[in-house]
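Structure provided below as structure tokens; questions to follow.
Per-chain numbering from 1; labels A, B, C, D, E and F assigned in written order.
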Amino acid sequence: MNNTEPALLVVSAHAGDFVWRAGGAIAAAAQRGERAVVVCLSYGERGESAKAWREGKGLEEIKAIRREEAENAAAALGAEVRFLDAGDYPLVPTRELVDQLVQIYREVNPTVVLTHPLVDPYNGDHPAAARMALDARVLAQAIGYDAPGDPLGAPPVFFFEPHQPEQCDFKPNVLLDITEAFAAKRKAMECLAAQQHMWDYYTDLATRRGVQVKRNAGPNLGFTTDTKGEAYMRYYPQVTTTLA
Amino acid sequence: MNNTEPALLVVSAHAGDFVWRAGGAIAAAAQRGERAVVVCLSYGERGESAKAWREGKGLEEIKAIRREEAENAAAALGAEVRFLDAGDYPLVPTRELVDQLVQIYREVNPTVVLTHPLVDPYNGDHPAAARMALDARVLAQAIGYDAPGDPLGAPPVFFFEPHQPEQCDFKPNVLLDITEAFAAKRKAMECLAAQQHMWDYYTDLATRRGVQVKRNAGPNLGFTTDTKGEAYMRYYPQVTTTLA
Amino acid sequence: MNNTEPALLVVSAHAGDFVWRAGGAIAAAAQRGERAVVVCLSYGERGESAKAWREGKGLEEIKAIRREEAENAAAALGAEVRFLDAGDYPLVPTRELVDQLVQIYREVNPTVVLTHPLVDPYNGDHPAAARMALDARVLAQAIGYDAPGDPLGAPPVFFFEPHQPEQCDFKPNVLLDITEAFAAKRKAMECLAAQQHMWDYYTDLATRRGVQVKRNAGPNLGFTTDTKGEAYMRYYPQVTTTLA
Amino acid sequence: MNNTEPALLVVSAHAGDFVWRAGGAIAAAAQRGERAVVVCLSYGERGESAKAWREGKGLEEIKAIRREEAENAAAALGAEVRFLDAGDYPLVPTRELVDQLVQIYREVNPTVVLTHPLVDPYNGDHPAAARMALDARVLAQAIGYDAPGDPLGAPPVFFFEPHQPEQCDFKPNVLLDITEAFAAKRKAMECLAAQQHMWDYYTDLATRRGVQVKRNAGPNLGFTTDTKGEAYMRYYPQVTTTLA
Amino acid sequence: MNNTEPALLVVSAHAGDFVWRAGGAIAAAAQRGERAVVVCLSYGERGESAKAWREGKGLEEIKAIRREEAENAAAALGAEVRFLDAGDYPLVPTRELVDQLVQIYREVNPTVVLTHPLVDPYNGDHPAAARMALDARVLAQAIGYDAPGDPLGAPPVFFFEPHQPEQCDFKPNVLLDITEAFAAKRKAMECLAAQQHMWDYYTDLATRRGVQVKRNAGPNLGFTTDTKGEAYMRYYPQVTTTLA
Amino acid sequence: MNNTEPALLVVSAHAGDFVWRAGGAIAAAAQRGERAVVVCLSYGERGESAKAWREGKGLEEIKAIRREEAENAAAALGAEVRFLDAGDYPLVPTRELVDQLVQIYREVNPTVVLTHPLVDPYNGDHPAAARMALDARVLAQAIGYDAPGDPLGAPPVFFFEPHQPEQCDFKPNVLLDITEAFAAKRKAMECLAAQQHMWDYYTDLATRRGVQVKRNAGPNLGFTTDTKGEAYMRYYPQVTTTLA
């Protein structure tokens, strides 16, 4: 019923989230020749554009800037990007928005899904996005749900890392080696001009998670001193034919 | 420093645990041509041999029976088995026992470790075995620990399923497809003659976990209606180069 | 203010849930001569009727089939059944639906309430039903809530078992012996013709929970080898005059 | 194999714990004509006798005082009491002490067991006592464990309330109505002369838990304004033939 | 951008909550000469006015009574009080209500925020109020959120104590000494005439929490035998320049 | 009974832990003129001296090196340091070791205690040290415990940050501003010559925790862009006279 082409779907509350938090995974998928689709539910125009507001820019102008930045970043990662323009701060879950996501699931038929974790005391939009991403995934699986396309399979879901992981009950159970993909991630981060202070911050984080990649790896996996990593939380049990 | 041969190490409190709980993983490893080593800390002579006691058998006789059964079961799975004869009910953790385990880690150099979960309100020996298995793994990693062989790498650890999973805080995060290996597991179970009522019980469990394998699998993985499964809890984060 | 007639109220998201998950408790109540009322918030027409959709049936036809099956199953258990036809996949919580439930609470005056657990990563309708059932119970207790009838007492609430219990944080703290009631449950299951593969699955589960009934029972309670069980999670503290 | 006489076994770290924390349950059992046996692992001579130490009393004198107080309190409750004199602050778990408890389990054949919760950041002796009580209960169940008497059944275990419940992860799931038994509990408390400030403290607590008894009770259970309560945490699932 | 005047903001679901649960903190702030603003989202007219309903009073009359009581209580504590009259049982979260709260945050510019905990199985209005209070706090921090005034800083949030703390996952991590403020709290409680049985109940609670204040205090802090306390749960990490 | 001089006691499993994890808190205390005492239970000679072992050094030589490094680091922080030389990998808890700690508590009379968190799947010595530090603190409070000096008060305990915080259930609830003290911490780190790669790692961590200090601070606290931080977990409830 489903094709077997690997495809990555990323559901992001704001226009920048997918870069900082999952840029390595996205770039790695693209580098393997896989399709990667990013859905930005909002532009982060109110809640994540403080600099632009302080400079006196208007709402539409800010949205346009954020959109362009996100398009450039997605291109740098090798991903498609779509904007649902649902508004932020707050991002309000609606039936319609969930339905749009169901249709995207049915169309993209992802084999892997990435989104925010379900808890974030610093930002209500992030869990709201995650809940919609998860709800839509379940709805898309039902043959009886009225949307074009075949029912979805059961793609695994991974939560990407929030800004203050411990406060978000974020306990990584997957450490992704993004060493090869990191150059593309850095380039994508540099597309987000207004948040230049974050470039080094997230480079340092990649180094820190890279150290954990090495510490948790089995023997002889050949990690080097400049290993970079990203941390994820797998939401559903892993299905496998080999323990490793 | 470490070789790259895959090797499975199973640390089991009693002589039967490895069969019911991890027989599929062990047989699968053996079928892939990998080394599998089972360590039975005790024979389960006091706590898991009720039938023999009711029949009036003596302690040494019971130990001999359990040993022979476990040897046969290990052979059916394709694994080596070692008995540390540390006594059960209670299995008392000691420095010496942990040191024996360190030496086995250094010798076997496992790439995967299986043991009991850390909580079991029905059986104190199980968590005791798990704590020793985990402690020994960390000690074996230290170059300064005084034991023969090279320091261990960082093999992943998986907890196998206890008898009453929910009461043991056992939330499976890995579902292993053991369909191919199940015939060997069944054969190994049948080596444990005194516990015949368990053969069907654990066959049913394999079916149930198999249903979950299918439900949680990504699309098009080709699971069939007689898929069999085993459930595991990964203790350390998974390290990977690809999310899947 | 309240009568003292025991009455069981079951709030079920879809038309089949009450059979698989709580059929034993319902049949047992009916066999004791107690009133049992099942409320199906939806027919499960979209999310739990895959076979009918694959056969090309239409929405209204499917709802009619599911309704008839549920009526038959309820009859087999000895329970009344009501259908609120609120739609599924998604089941959307509304003030009106909660108000309908309040009115049912006030009318039925249940002494025991059964519903889904609050967490289910595989099915958003289940927790939605549970939250409405719990909210309505609290509202029905308030004399100031504008609905006919006397304020509700404080009936205990039990969550019945989800399909993948460990993934739903379902840790049973009540094991119900349903040995006597099981024949009725099996008969009710067989009313759900489209889900024949579930009959044996839930019979096996009853056996498995029956084993746990025996293992956790106090001495000399006389359980036999064919003891059947259902697992529940008590939501509020048990009030009792005797520890047992 | 086991008799069917109800019997209550209470495992208490120090000589006073059983009075403050479980006096109501003990008195209620005695008032029902059931056997109640209290085991005090220590006298609480170092850690819970501050007043006596400040008065300059010596160790043996303090132990004698605490013993006499506990004997009087047990008598007021209608319970037998035994002292294992294992020392406190710290109470050190040993094989021998656990073996003594196994023998008591086999002899008393309790149908209900009460002990401390497993967490107490204010007092290490309490969890130590609980772990030994739980370990011994499991050992006593094994026919192969070398101790006189028949193997134990599976008596339920309840943790009684610690001094600062929230800090001890103590979430009561059983609220016991001790209204009838409270007079005996108060009398027993008054046997502990050195801790007079606790008499009112634990009377107030009984009132507070009594309010919760009423709030959580089902309708028409006839609780009055002077209902007294004790809070417990059930450790194993409740086995029952009726949800209530 | 923000002034440095300390100001306390209390978000309360019903008209009485702030008195029973946070009266000491409010009075203490007022006694230090700080501004204290209480927002009552509803009057508790349906869910917390049983006595008035039983006396046959009407909805508007009850609201007027509750309002007057709350005004008197606030005055006794030295606080301003505002009523949003959003209705209770259920208190329904809306965008408009959250927006009203954002505007209050921007106007009051609180340095400390108090509200209900996020879990309460006995009362859905309490968590609803808490979620709105938390959401509004985050929105008020965004310069892009369209409301008058400057963006909010990051005031700490404390959850006050619910009626049955253990059932609400309420684990106090702050114990506030309210000894000096207690007389004012008692006076405020006495303004709530319809709930006279609560006056002693919450006085006893203050004594109990006062005992815990003393037990958990560092040495030589000079607590006396009549120390009164209130318990709180800090939601965000404490920021400090000195560990103490 | 207790003096009122502030004093900091740090209980560290190995010789280096106190520097990386709590160097800022220690230096800050010393800069305020307070006494700071560090207890190293072991030198970390086996488990945390890989470089020396690879260079072929012997056990006693390594212990001497680690001791000298730690003495230098403590001096750089302004702290006293004591070595109990209890051995590492494993650090085995004993009655004698706990008694030594009790005596230190009684002598130093700390007003603040720092130690490892209770969970660390990567290093069993860390929780072992924490448990002993906590047990000894409780024992030292008892007037009946046989050790010189007055009974201890109730100093707060803070767990310092482990290497992989999320895997150790480390959820910081205190963020300490160490900006002023950071120069001393860096100097102390540089005393640990064999672990040069850690200097920058822990400097980056201080920056990261500094960002969180700023994000979680109340308004107008004047944090600058080079704010440095350390994260802690408070174990007992905070006692305070003012919420802030």
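As a convention for this text, a contact is a pair of C-beta atoms (placed from the backbone, for glycine too) under 8 Å apart; a residue touches a chain by one contact, two chains touch by 3 or more.
All values reported here derive from a predicted model rather than from experimental measurement.
K.L.:
Which chains lie in contact with each of chain C and chain F?
P.N.:
In this structure, the chains that contact chain F and also chain C are A, B, D, E.
K.L.:
Count the smallest number of chain-to-chain hops linking chain C with chain E, moving only between touching chains.
P.N.:
Tracing touching chains, the least step count from chain C to chain E comes to 1.
K.L.:
Copy of C-E's interface among B-D, E-F or D-E, judged by over half the contact pairs being the same?
P.N.:
Equivalent chain pair to C-E in B-D, E-F or D-E: B-D.
K.L.:
Answer with same or different: of all residue numbers used at the interface between chain E and chain F, are over half used by both copies?
P.N.:
same
K.L.:
Comparing centres built from CA atoms, which chain ends up most distant from chain E?
P.N.:
Greatest centre separation from chain E goes to chain B.
K.L.:
Suppose each chain is reduced to the average of its Cα coordinates; what separation in Å results between chain A and chain F?
P.N.:
37
K.L.:
So which stretches of chain D touch two or more other chains?
P.N.:
Residues 122, 167, 172, 212, 215, 231, 236-237 of chain D touch two or more partner chains.
K.L.:
Once you draw an edge for every pair of touching chains, what topology comes out, line, ring, star, complete or other?
P.N.:
Basically it's none of the tidy shapes, so other.
K.L.:
On the basis of the stated criterion, which chains touch which? Give every pair.
P.N.:
In this structure, the chains touch in these pairs: A-B, A-C, A-E, A-F, B-C, B-D, B-F, C-D, C-E, D-E, D-F, E-F.
K.L.:
Applying the document's contact rule, which stretches of chain B touch chain C when the two form their complex?
P.N.:
Interface residues on chain B, with respect to chain C: 122, 164-167, 169-172, 201, 204-205, 207-208, 211-212, 215, 231.
K.L.:
Could you please specify the touching residues of chain F with respect to chain D in the complex?
P.N.:
95, 98, 134-135, 138-139, 142-146, 235-237
K.L.:
Would you tell me which residues of chain F are touching chain B in their complex?
P.N.:
For this pair, the touching residues of chain F are 45-47, 49-50, 53-54, 59, 62, 89-90, 92, 121-124, 167.
K.L.:
Along chain F, where are the residues that touch chain E in the complex?
P.N.:
Its residues touching chain E are 1-4, 8, 25, 28, 32, 109, 111-112, 114, 152-156, 158, 172-177, 212-213, 215-221, 231-232, 234, 236-244.
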